[in-house]
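Think of it as A, B, C and D in the order they're written, each chain with its own count starting at 1.
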Amino acid sequence: MFRKVLIANRGEIAVRIIRALRELEIPSVAIFSEADRVSLHVQMADEAVCIGPAPSTESYLCGDRILEAAQKTGATAIHPGYGFLSENAAFARNCERAGVKFIGPSWLAIEQMGSKTSARRIAAEAGAPIVPGTEKGLASVDEGRAVAETIGYPVLLKAAAGGGGKGMRRVDAEADLESAFQAASSEAERAFGSGEVYIEKLIERPRHIEIQVLGDEHGHLIHLGERECSIQRRHQKVVEECPSPLIALQPHLRHQMGQAALKIARAVHYSNAGTLEFLCDQQGQFYFLEMNTRLQVEHPVTEWVTGLDLVHWQIRIAAGERLTVLQEDVHWHGSALECRIYAEDPQNNYLPSPGGIAEYIEPSGPGVRVDAGAFPGWTVPMEYDPLLAKLSVWASDRPMAIERMRRAIEEYRVLGISTNLQLFGQILRNAQFRSGNLDTGFLEKLEWTPEASDNQVRAAAVLAAARHSPQPSAQASGAAPQSAWRTQARKDLLR
Amino acid sequence: MFRKVLIANRGEIAVRIIRALRELEIPSVAIFSEADRVSLHVQMADEAVCIGPAPSTESYLCGDRILEAAQKTGATAIHPGYGFLSENAAFARNCERAGVKFIGPSWLAIEQMGSKTSARRIAAEAGAPIVPGTEKGLASVDEGRAVAETIGYPVLLKAAAGGGGKGMRRVDAEADLESAFQAASSEAERAFGSGEVYIEKLIERPRHIEIQVLGDEHGHLIHLGERECSIQRRHQKVVEECPSPLIALQPHLRHQMGQAALKIARAVHYSNAGTLEFLCDQQGQFYFLEMNTRLQVEHPVTEWVTGLDLVHWQIRIAAGERLTVLQEDVHWHGSALECRIYAEDPQNNYLPSPGGIAEYIEPSGPGVRVDAGAFPGWTVPMEYDPLLAKLSVWASDRPMAIERMRRAIEEYRVLGISTNLQLFGQILRNAQFRSGNLDTGFLEKLEWTPEASDNQVRAAAVLAAARHSPQPSAQASGAAPQSAWRTQARKDLLR
Amino acid sequence: MKLRVQFDEDSYVLEFRSSGSNSPCAYTLTGAEAHSGEASVIQVRPDLYSVLAGTRSFAVYVAPRGSQLEVWVEHQRYLLALSDARDFAASGRGASAKGRSQISTQMPGKVIRILVETGAQVKAGQGLIIVEAMKMQNELKAPRDGTVSKIATVEGATVAANQPLVIIE
Amino acid sequence: MKLRVQFDEDSYVLEFRSSGSNSPCAYTLTGAEAHSGEASVIQVRPDLYSVLAGTRSFAVYVAPRGSQLEVWVEHQRYLLALSDARDFAASGRGASAKGRSQISTQMPGKVIRILVETGAQVKAGQGLIIVEAMKMQNELKAPRDGTVSKIATVEGATVAANQPLVIIE
């Protein structure tokens, strides 16, 4: 087993990995940027090394400095977490060259799965379903017309060089193809400097369902079932769950998707933990999208239902141990949900909300797990991802998991910054969510119904507030903007 | 389902029940004594009613006032928790008479199992093994000699009227019986006013293993396996677990003890949750001790391994629902441990330590559950039980559960009062504990080995302390006792 | 004691009498909805209060949030502004001068680009400043046509929520 | 700065220099074990400090505990007493007068019985006062033979930890 492990990450995932290391009795080394000097992962690790200033490009993305920190502290392995350098094949290769074990798949597998086109080709060759369409840019409208004919309308035109919806057009019938092609192409040209456009079958009301795989370095590979992650905002997952309500209706899907995932992973001799993302239509037809060659944010959901500790296994597998769990040993019990608590305002276009946390109270009790990077008194830095914590719950079935999550969300308190805590009350009480009839457009369509508060609730709020500031000062009386203007930027709010 | 439920308890168990009620969408009513005005259960409940001054005899033990509070708030059921009135048959009957459902077994079952002698007789009649011996006081030394002959030495002489070790004598051979009988009898006479002494087979290095049962009010009764609770101080449990390490070695025992438990419970037409305590010798011979006709403190251990929510089921069963879980549906997954965090000093004769909590940080992350009644800023009242919280963990096997518990204990912080947190480090690292070779004398024999701290640890402590109080005042420099003498009792420390 | 309370969108006047810090106080709330009652309000720790109103129990957290108070009652969050009831007339409503618009950022962050110069003519909807936080960029836009009379920040500066950055006249 | 530290059973003298509250400070610890180094000590919130000593990272909690400080480094708990190093001689050790014994309770609680009267002759080991907390009774005993010269409490009184209750001369 490793003598010492460095965690090349920050926030909740660094804390998660430190906990696993502590359970395995392996000393941990945190790295931190100047903005993270007192962050939770620094407090919890056995050792900590500063690797640069706040911007990630000068700290968490500097592979060389991280390897230096590993060598300085005598760490013999690096856990990359997710994001940052976790899917950087060059970094994984540099670790190998430096004799430091990268806790993840081989750098070659990362590279092969790193490009969406390459991953798509590998998947197709392995016999897994992919979204029908062209893999490269269309030479002409006529080529597009021919492909659309084969795969059937509606189709989607997409910019080959870009993302984020720019240069994207939905086409419902052949008559609209030509004008849509011109529009998409010129928009792509303006946005990305290349007018190349490709075509794909459009999946209506798609669901995002992914398969967790786990393999050792001796060729044994299993899948741990699915997670449904259809509740997203701006392609960022917000709520995840297992079982997928779709798979609860069509149990054979878990096996089918699992087998498809294994085929693809085997094609790159995948080892360690990985996730294959699929787009699923409402009938259960699924298409491979891409592979995340690292630990997934939402892994706790799978840990709850399978009882397997993914981070323990990642470390043990990287140390050369055999994965002793056979496919037939994997069972799925009950139902798990995860909510991602972000420092952002869901009622204001999900605007990020860094700043000082005045009060921070986590839920607890039966069936509740919190993986957090936040704590009372912490100033959430503005430089990084707004994920504060992941709240996950388990119960014997989905309806009870939803009630438990509601109860846990109702216990959560974060004062001082805005969070999306109130959003979950909306989701969890939503009839469509409760029915399990999900798609990735759910959040966009969600109508916000504020909870009613009665007179006694308001009186309690006001009485406590009055006690809190018995003599309202001029400042507390809603000072005219001019005076605020004159006061210097309240930089201390922002560290 | 109930319109509203009153919780006739305080502390962590009241909080546990409020959480279950919230998950079931049932409004909750807390009761509190004057010492508990801001306790966590009051903060968390939807409603709260003061039922009297601090002493339990004037508050939590006053059934009439509690029933009054239920009627005042419109609660249609009462959950008694554990302790206080939970095993008081008269209170259960008064609830029934007042038309308020008592969430527990029938008052008759409570009464039948309430007396140890009656419980023992019922168990014997039901065909369950009981510790061999006389049920009543011995008429003479000769009677004792005859009984000892039958059950075999060593035997134990015990005061019929008392407990706590007074009037108790171990006898290893017939030659010692007469003098031991005289000594026990006269000690009992002095201590309890009655010299009556009975005889029992002495179980060497006994283990305390109990069986959880759960039954509905339609005659369906199942057992949920065992909990081993051999780690005790002064007959108070400190660590509990499932599976019992003994049963892990002898798997048939779970079935045998489960069947014995069911026989006894069926004899009193038991419904709702209950626990049958057994004494077990190291070979796996088990003897019924007594029945707890209520929810047990350590129920989370069973919830972890079976996935069943005992408090949900208690409420649903009391509301007349059928228990839909069949005996063959009950499976035991992995391994769970629970540590009871007490406000007491384990290095000073377990002296209680009420007072103000300055800082309170709970562990979190994978496989960790905390059921607490404590929170930062709370003043632990001196009037009640010192249980602050229960920390329970789950992992796929016992060795990993132990490591996880160690990790979780290491994350726990309670400042301001003494707790037994440091004790668990001692237990969890102990070779005998890790081997699973337990008995109820374990804690008494435990040798305390302080953890080594190195120079850097001490320097870190001193530097932070120096920063905390940059100008040590006369008071901080260890003022002479005289000055402390003159200052009035620091009553504010004690609320 | 009499206080004016701005409670999210609604205004109230709260009147209360307390005979001691830990004894129940009688209160009257007038405004959007009128209500009066008696409550016991106990401070549990600096930012936490336990309020009993009749038999209803509330744990109330309070923390300052700019010039307001962030208050959580149960799982619901409110923003309150308290002021002496006599200040009501004085404090008024539309305090910002007519014909003058202040543009401030709702999101604390770093100014990564300033798109206009002092004196520039701008049209409603035109981008003025881009602020970035947590990898998300937020473009502040002109609320109306006008002239940029002041730019109160520089590229690279760290700005707080609600800090005014540009004035258009 | 130079401080005398009583650290559980051991005594140290700590000398340290800091060029600013958040910059690393050099320190020397002399006493049971001598040690010197450099550390960065940052206050995270009122009772929490993050200490980096070389690459080692410690989260240190500090809270007052009577006349001492309760300090947690990682999961270990210590009681520290700090004093100006110059006070060393003055503060001394056996501050309690010879021939005079103060009996105090380690456990805060309620005095449920007083077993002696002022002026009474007592023998070593004789019970003096019974204090109860959390359903546990603790009997305070005379440490030696002597005369009860003062009883500083009454039955039913609430007493704090380490509060002196009886004097025997």
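Keep this in mind: a residue touches a chain if its C-beta (ideal position, glycine included) is under 8 Å from a C-beta of that chain, and two chains touch if they have at least 3 such contacts.
Note that the structure is a prediction, hence the values are computed from the model and not measured.
S.K.: Report which interface contains more C-beta contacts, comparing B-C against B-D.
M.R.: Pair with the higher count of C-beta contacts: B-D.
S.K.: Give the label of the chain whose average Cα location is farthest from that of chain B.
M.R.: Checked the centroid distances; the maximum from chain B is C.
S.K.: Could you work out how far the Cα centre of chain A sits from that of chain B, in whole Å?
M.R.: Taking the mean C-alpha position of each chain, the two centres sit 41 Å apart.
S.K.: Using mean CA coordinates as chain centres, what's the gap between chain C and chain D in Å?
M.R.: 46
S.K.: Which whole number of Å gives the spacing of the CA centres of chain B and chain D?
M.R.: So the centre of chain B lies 32 Å away from the centre of chain D.
S.K.: Using the touch rule from the top of the page, what residues of chain C touch 2 or more other chains?
M.R.: In chain C, the residues touching two or more other chains are 48, 56.
S.K.: Could you check chain B for residues that touch two or more other chains and list them?
M.R.: Residues 44, 410-411 of chain B each touch two or more of the other chains.
S.K.: Which residues of chain B touch chain A in the complex?
M.R.: Per the touch definition, chain B meets chain A at residues 15-16, 19-20, 22-25, 44, 300, 303, 307-309, 311-312, 333-334, 362, 364-372, 395-396, 400, 403-404, 406-407, 410-411.
S.K.: For chain C, which residues count as touching chain B in their complex?
M.R.: Counting only chain C, the residues touching chain B are 42, 44-45, 48, 50, 52, 55-57, 59.
S.K.: Which residues of chain A touch chain C in their complex?
M.R.: Within the complex, chain A contacts chain C at residues 343-345, 348, 350-355, 358-359, 382-386, 409-413, 415-416, 421-422, 425, 451, 453, 455-470, 472, 475-482, 484-485, 489-491, 493-494.
S.K.: For chain C, which residues count as touching chain A in their complex?
M.R.: Touching chain A from chain C are residues 1, 3, 5-7, 12, 14, 16, 25, 27, 29, 33, 35, 37, 39, 41, 43, 47-49, 51, 53-54, 56, 58, 60-65, 67-78, 80-84, 87, 91, 95-96, 102, 106-110, 133-136, 138, 152-153, 157-164.
S.K.: What does chain A use to touch chain D in their complex?
M.R.: Where chain A meets chain D, its residues are 29-30, 37-38, 42-49, 72-73, 376-378.
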